[in-house]
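Single-structure report; data block below.
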Amino acid sequence: MEFTAKQIAQFIQGSIEGDENVTINTFAKIEEGVPGAISFLSNPKYTHYIYETKSSVVLVDETLILDKPVEATIIRVANARDCVAKLLQMYDAAMRPKKNGIDSLAFISSKAQIGKDVYIGAFACIGDGAVIGDGCQIYPNTVIGDNVKLGNDCIMYPNVTVYMGCKLGNRVTIHSGSVIGADGFGFAPNGKDGYDKIPQIGIVTIEDDVEIGANTCVDRSTMGSTVIRRGVKLDNLIQIGHNVEVGENTVMSAQVGIAGSTKVGQWCMFGGQVGITGHIEIGDKVFLGAKSGVIGNLKSNQALIGTPPMSKLSYFKSQALIQKLPEIYKELADLKKEVAELKKQK
Amino acid sequence: MEFTAKQIAQFIQGSIEGDENVTINTFAKIEEGVPGAISFLSNPKYTHYIYETKSSVVLVDETLILDKPVEATIIRVANARDCVAKLLQMYDAAMRPKKNGIDSLAFISSKAQIGKDVYIGAFACIGDGAVIGDGCQIYPNTVIGDNVKLGNDCIMYPNVTVYMGCKLGNRVTIHSGSVIGADGFGFAPNGKDGYDKIPQIGIVTIEDDVEIGANTCVDRSTMGSTVIRRGVKLDNLIQIGHNVEVGENTVMSAQVGIAGSTKVGQWCMFGGQVGITGHIEIGDKVFLGAKSGVIGNLKSNQALIGTPPMSKLSYFKSQALIQKLPEIYKELADLKKEVAELKKQK
Amino acid sequence: MEFTAKQIAQFIQGSIEGDENVTINTFAKIEEGVPGAISFLSNPKYTHYIYETKSSVVLVDETLILDKPVEATIIRVANARDCVAKLLQMYDAAMRPKKNGIDSLAFISSKAQIGKDVYIGAFACIGDGAVIGDGCQIYPNTVIGDNVKLGNDCIMYPNVTVYMGCKLGNRVTIHSGSVIGADGFGFAPNGKDGYDKIPQIGIVTIEDDVEIGANTCVDRSTMGSTVIRRGVKLDNLIQIGHNVEVGENTVMSAQVGIAGSTKVGQWCMFGGQVGITGHIEIGDKVFLGAKSGVIGNLKSNQALIGTPPMSKLSYFKSQALIQKLPEIYKELADLKKEVAELKKQK
């Protein structure tokens, strides 16, 4: 896809300065500009880059004052940041066109209900009693189990698995390799030679506007439902144990693990590789730094890091002192000698 | 599925107190009861919940003495806990009926041997020379490689991959996305421009009654076999490196990683995100707290946590003192000044 | 497969001592030898094992001097280590024959270009505009998205997903369950009721001779490309965030996570479960011990471990002292009392 500066300016209703026939075919950060790219400038701190960028076109706020000539073609708009978001969405839609139709190589149970304007790719499987809402896109090789319910406009990328009975809301996106509704990890010693499996008869409920990354696991509950509330965003390779509830708009980075029956509040943010034990409660707006380990309840409105989690200030002070421990230990030994000497001199 | 209290009482041979026609369609914990649910009461600590639960039916031990009226219908049985397990299994079997037959959309090599009463779903692949035991259930889109051997009554959920040559015992359950027998991670610098791959010609052997969660990886060995012994339970997103041996009935929580050639004993329990280095030995009945990091052999019969692993008592003491390090450091500095002062005064 | 000592000696041009008709059918380490196995001896430290090994054949350097009789058949060659690598490759090729031909159950878009000598297994999907180089092997149930480009001789094991537009070089191997090019994790608060998705319009570029383990995720970039340079080896369950660049011949163990926009140099080696924050630079030849957490730039040519990473010596000293903290704390308290006493006595 290639556009002229003029075409873009028309689309976003901006005014051009410079060569309006220059063509662009990609996006780039202003500091990493290449010929053929469009960049944007919004943060005044980066203004100096506009004089040296190699991008062909730069989108700027109409109020920007330039005090040197600029090689790139300039397009002025009311709000450069918003316009670039609009262009990105347009580009994304062009690159990833909404697929349509049901591939003749898909398997769809005769007992499934399929909505309007649905895409179901080759080798996708839709089980008995499954309900697929309008506008859903089910990519190839994805398996939607028996009695699963998908709302409208869900996107299931290739090789996703949703186990029987799980309920997904509207506009839920799940990336490849993720597994929704596998059995929770429940076994009881049988007192003889091993473990008995505790049946996991619950489901997973995912509310509207949730996005789940690749190779993430959300386990079905023992009874009732594991719940992922509206607006939650989970990155890749995350583990959500059985009976967990994740509150609205909470965001977790890759490789986080939440053990069974824990309740996480709203608007939390967890860094990568955080681990949270089972059967506890995390409040709302709790921010946890990467690799934190949580073993007890946490109140709302805190930013913590470490194992156990503490304030950032305490954490970084303690971390620095851990490296000084050999020195501290030596000083303590020296001091003991000195005090012993003083006592002897008495 | 809906049952009356009377039907349930008959099934589990219990005696009813209260409305025998009330219907139930789900399970709930007694403290989270809802109308239409059945709960159970076994732990005397929870007895007070029976007077306020909203569950329609509560299963109790026949010896329970009630000192107030109860709204729910009561079913008395010899052992409420055992009965609920029986009911859960019945419910699970109804929700997840044993699938039967070979889907016409599956691919089965003409050189594969398929047992009796086997289910093979759409788009599942069974390779050349594979042997599938009686009663196995292979869900859609699962790939069983060439010369793989599955015992009887194995369950492979959708999108599982078992690489060529691996040997699985009886009643092995593997959840979606797990990968058994991918190449161990072995590369040797070639002294020039990169690495040469060390061929991984071994296999994975999984013994009877093993259950493996979703998106877990068990690598094939360089030579010989990576071995998962009888009764082992692995949660989701676990890494088992090449040539590892995991002893009988050992249980690992999600996101544990075991590096190559390490030998883990029997009846161990590892918390989430534990990491164990390669080429070491872990004894029997070793319990490791979440996030522990192990870099050396561990003897049997220990409960440890941390990096390196220590007793729980030491760990929590040390963790608490890490947070006090700034205070310790300041006290030490103050003390140094005082001692210097004392020496000057001499 | 079974060979006589004589056949093997001929194949690797070695000279035999002992029974040339003994047959072998597997490989074993010399210290774990079993009848029917071939072992090798290269490291002089292990020489003593040759007198007690149960392997039927041992491959040794021609210069080896034996001072006792040996039960196994000996084959002498110029370089035992190189010969065993050659034998392993031969065995691997026999066990894992190069598959050929396009299965009639594969789905290949009429707009895709397929090279010569390609294998495409059952239920594999090749999207519109995809280009598959000569000699590629695409195993069953793998999905190659629209406009993806694979160089020559790539191996995609079963259940791999490569998203639209990604570019892979020659001899790239990807194991089962890995996901290349899922959306980077980018969301911006919309100031109202949740988050807006930031379109992820970039791709993933993987250069020649890269091997990626099972269930690993490499996210597509927001703009431009996430880049995995020539010769990189990634183990299982690794997370590579959007816009990351991994330098040539860098090797990462299982469960490592690299957050977005971080640049990793060449010839680095990261242990298991390492976590690296976003937007930083790691130099060349940086070795990080398992579980390390990195939150700032790291210069080239360092071996570090811990959070934050420090030298191995500092790390192990500090770790040992952390366990001594209760003792240190007590000594400090005792010393305070003694000093107070001394002052009082003044």
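Per-chain residue numbering starts at 1, and chain names A, B and C are given in the order in which the chains are listed.
In this section, contacts are C-beta pairs under 8 Å (C-beta built on N, C-alpha and C of every residue); 3 or more make two chains touch, one makes a residue touch a chain.
Worth saying up front: this structure is predicted, and the values here are computed from it rather than measured.
Colleague: After chain B is dropped from the contact network, which chains belong to the same connected group?
Modeller: one piece
Colleague: Any idea if chain B and chain C meet via the same residues, over half in common, or different ones?
Modeller: Different: fewer than half of the residue numbers at the chain B-chain C interface appear in both copies.
Colleague: Superimpose the Cα trace of chain A on the Cα trace of chain C, which carries the same sequence, then give the rotation angle to the nearest 5°.
Modeller: 120
Colleague: Using mean CA coordinates as chain centres, what's the gap between chain B and chain C in Å?
Modeller: About 25 Å, centre to centre.
Colleague: At which residue positions does chain B touch at least two other chains?
Modeller: Residues 123, 141, 159, 177, 215, 237, 255, 273, 322, 328, 332, 335, 339, 342 of chain B each touch two or more of the other chains.
Colleague: What residues of chain B sit close enough to touch chain C in their complex?
Modeller: 107, 123, 125, 141, 143, 145, 159, 161, 163-165, 177-179, 182-183, 185, 187, 193-201, 215, 217, 219, 223-224, 237, 239, 241, 255, 257, 259, 273, 275, 277, 293, 295, 307-308, 310, 314, 317-318, 321-322, 324, 328, 331-332, 335, 338-339, 342, 345
Colleague: Write out the stretch or stretches of chain C touching chain B in their complex.
Modeller: Its residues touching chain B are 26-29, 32, 85, 88-89, 91-92, 95-96, 103, 105, 121-123, 139-141, 157-159, 175-177, 209, 211, 213-215, 230-231, 233, 235-237, 248-249, 251, 253-255, 272-273, 290-291, 319, 322-323, 325-326, 328-329, 332, 335-336, 339, 342-343, 346.
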